[in-house]
Amino acid sequence: MLHRRIYQFFIIYCLGLSGLFAFKYTLGLSDYVIPSPTDVWSTAQEYLFPFSMDVLDTLGVAVVGHMISICLAAVVAVIGGKANWIGSFIKMAAYNIQAYPIVAVAPIIFILFGDGLTSRLLITAMICYFPLLLSFIGIVSQPVPDIEHFYDVTGQTTWWLPLKVRMFENTGKLITVISGSATVAMVGTIIAEFIAADAGIGYRIRIALYQSDLSKILVALFLIGICTSLYLFALEFMGKKIQQRMDVQ
Amino acid sequence: MVTDLKPYSEADNYKMHIDLKGISFRHEKTDTLVFQNTDYRIQGPGFNAIFGPSGVGKTTLARIIAGETRNFNGLVDKMGTTRILYTYNMERLPNWSSLGEHFSAVSGASKKAYLEEIIDIFGLGSVINARFSQLSLGQQNRANLTRYLVQDFDVLIMDESLANVDEATKQRIILKIKQAFPEKIFLYISHNVVEVARFCKDIIVVRRPNRQPQVKTVSGFDFSGKEEPDQQTLEHIMLEIMNAS
Amino acid sequence: MKIYQIVKRLLIMILVWLVLVPSGFCGEPLTEINYRLKWLLNTSAAGDIYADRGGYFVENGLRVVVKSGGPERDPIKELELGRAHFGVASADQVIRALSKGAKVKVIAQLFQINPLQWIYRPDEITVSTPDDLKNKTIGITFGGIDENIMKAILAKSRINESQVHLYSVRYDFTPFYQGRVDLWPIYRNAQGPIIGARMEKAGETVGYFNPDAHGIHSVANSVITSDEILRDQPELVENFLSALLKGWEMAMDPDNAEKTIAMIHDADRDTPLAVIAEQLSLTRGFIQPNPDIPIGRIDVEAWKQTEQMMLDQGMIDIPVHIEKALEVR
């Protein structure tokens, strides 16, 4: 499964790269506009290792940011799912914050948290938590009457029990949503690094853009694709294991 | 004997009963009239049935009695019945624990001995360590009913709760319930006319809203395990039920 | 059958597009002249705005569309793709592009002195000489020209990079306002009046560290075109350049200040007139520091120094012989 995902990505990447080179040579563009294959190759040889470290750094932040956003979305969904004033206030606040472009909110984040790891994590979480939030709200606010009924009528319901029931019953959906948002987490981290940080592959891309160095960007894109595939595979693998275990039960 | 409204004396007002007065109900989504100014009294303890064709409003009536449906007009007077539970055959136990763990979690320590007895009679001992999803439909029905029977209640409404259980086990369960809870009211919703005629004290026949009165009562055989009903008596009761519905 | 015909037509349309569009990219004369600036329409583009709104392009028979730039716009790439005829780029962009085989020529140098300087608080630190940079936290845009300039200053002054703390800057000034960074790179003519005013309002004094004053002559905004246009359409280049430089001369003439400010304000509504006036006054010193220097003069030595600086710092691998790409008039 992993090797299939990797070679599928490799095919897509090669197709994209071939298209770019075809465009370059058809129009006779210089290496400044689109680098030559040898330029890309030599850049890859020089930067593959340092960029790999940067991508791993980014991946680390993306994973932590993803986890934060999962927790954040779960908390907001639980509170926002309640039909009281606080619930509707939290839900409205969550929707409003998401409506603001991150580049406009970023300066406030920098003032509050500086421009280090915290800001990267926060921006990543803000970018990827919304799709999670929508799904989580959908799941936690949707009763499972066939299970919850007994607890309701016998007075054995606690605040936690309906959540537990709804999350347990929608485990498959939760796994799909969490895996799906992993890509957004990676993109979110890269954006955060692009606008804020002084580390990570997003930061390297920013420098490469300043230098109009498309070769570096192509190498970075390759590594980002590989790492994202690995992360997605890991999440899907864990999800599959959880699902299998539940099916056995 | 078929009666439009079960007759009761002044003295009955001080005994356990559920009185439905002028009940009207309309489904909001489909705008279908289900009950129109319906009166009925369920008197005293016993194993009774609610019977009627599909879609006539048996479940609605059950939920009105249980207090789970509130948007109706009329009055439900529940004399001597402070705790009414309603259970239906589609209910599921959470799959994160075994039957045994679940039963222990939802029943008090005082019910432990009784719980074990029910598990035995209901034939669930062999699957006590299994998860709900691993059970057959009949076992699922029995497991669900088991946990309700170990709760405190005055009235238990069983909406097709034994729908997937074989006849022999069903008889064993009903007789056990009748023997163990002589002071409680049971309302057993079923489409099986033989079953309700044989086991139930009163069969509350629910009819379409265009027929008045909308609820009629037929007296059943109320078999409690001692004297078997003869075929003719049963057929007579069944005929009365069919005529009333 | 019908679907087959639709697919066939679509394929023909795509083929026609593929054949026609590249030919359009590669130098077919366009009906209008596109001029891509390096940055937004503000005081740093005073002469460009004046030439456009003053009607000098039209006088020379040209219909020029002055397009604002930005970090995501690269005038050199647009030249090569045929989307622009002329553009404004800094020396580092031109040299980097030449090193990658781009066919680009410099036809005028608008800024004789690079307005890139470092703002600091004289009340807190003294930066009179490059030596004063030691142990300071200095903001630089990694990958940007300010990185080259600062590293050149440090190298020239024999200051090791470990003796300063280089801080990666972004678009917002928060770390500088918070005092976490001692020196922050700004464009003296465009950003100086705004940031300086804000700091003075907060009761702080403002100082600027000017690399040019310490012998680092790097070239900023210059007018570029492609080899192809310069070779095939010299008249177009001449007409464009004469109109453009006339616009700059008029814009830099103090007698035209009021008119120039009004034109800039018309293009840049968000900047108050008073700020534009101050920006314009500062810009004059960078465009024409000496009346003897004609506007648009290409300072070959400064270009060579910029190239050398980039070579020294490994920004380019081999010399590009920048003088060959300079169309000195």
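First chain written, first letter: the chains are A, B and C, and each begins at residue 1.
Heads up, the rule we're going with is that contacts are C-beta pairs under 8 Å (C-beta built on N, C-alpha and C of every residue); 3 or more make two chains touch, one makes a residue touch a chain.
These numbers were taken from a predicted model, which means no experiment stands behind them.
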item: Middle chain, criterion being Cα centroid separation; value: A
item: Remotest chain, subunit C as reference, centres from CA atoms; value: B
item: Euclidean distance of C-alpha centroids - subunit A vs subunit C, Å; value: 36
item: Gap in Å, rounded to a whole number, between the CA centres of subunit B and subunit A; value: 52
item: Subunit B and subunit C: spacing of chain centres that average the CA atoms, whole Å; value: 85
item: Subunit A, residues touching no fewer than two other chains; value: none
item: Contact footprint of subunit C on subunit A as seen in their complex; value: 26-33, 35, 39, 106-107, 110-111, 114-115, 195-196, 198, 203, 206-212
item: Contact set on subunit C toward subunit A in their complex; value: 22, 25-26, 71, 74, 76-77, 80-81, 93, 96-97, 99-103, 141-144, 167-168, 170-172, 174-175, 178, 180, 315
item: Interface residues, subunit A side, partner subunit B - complex; value: 146-147, 149-150, 153-154, 156, 164-165, 168, 246, 249
item: Subunit A-facing residues of subunit B, complex; value: 66, 68, 85-88, 90-96, 106, 131, 133, 144, 147-148, 151
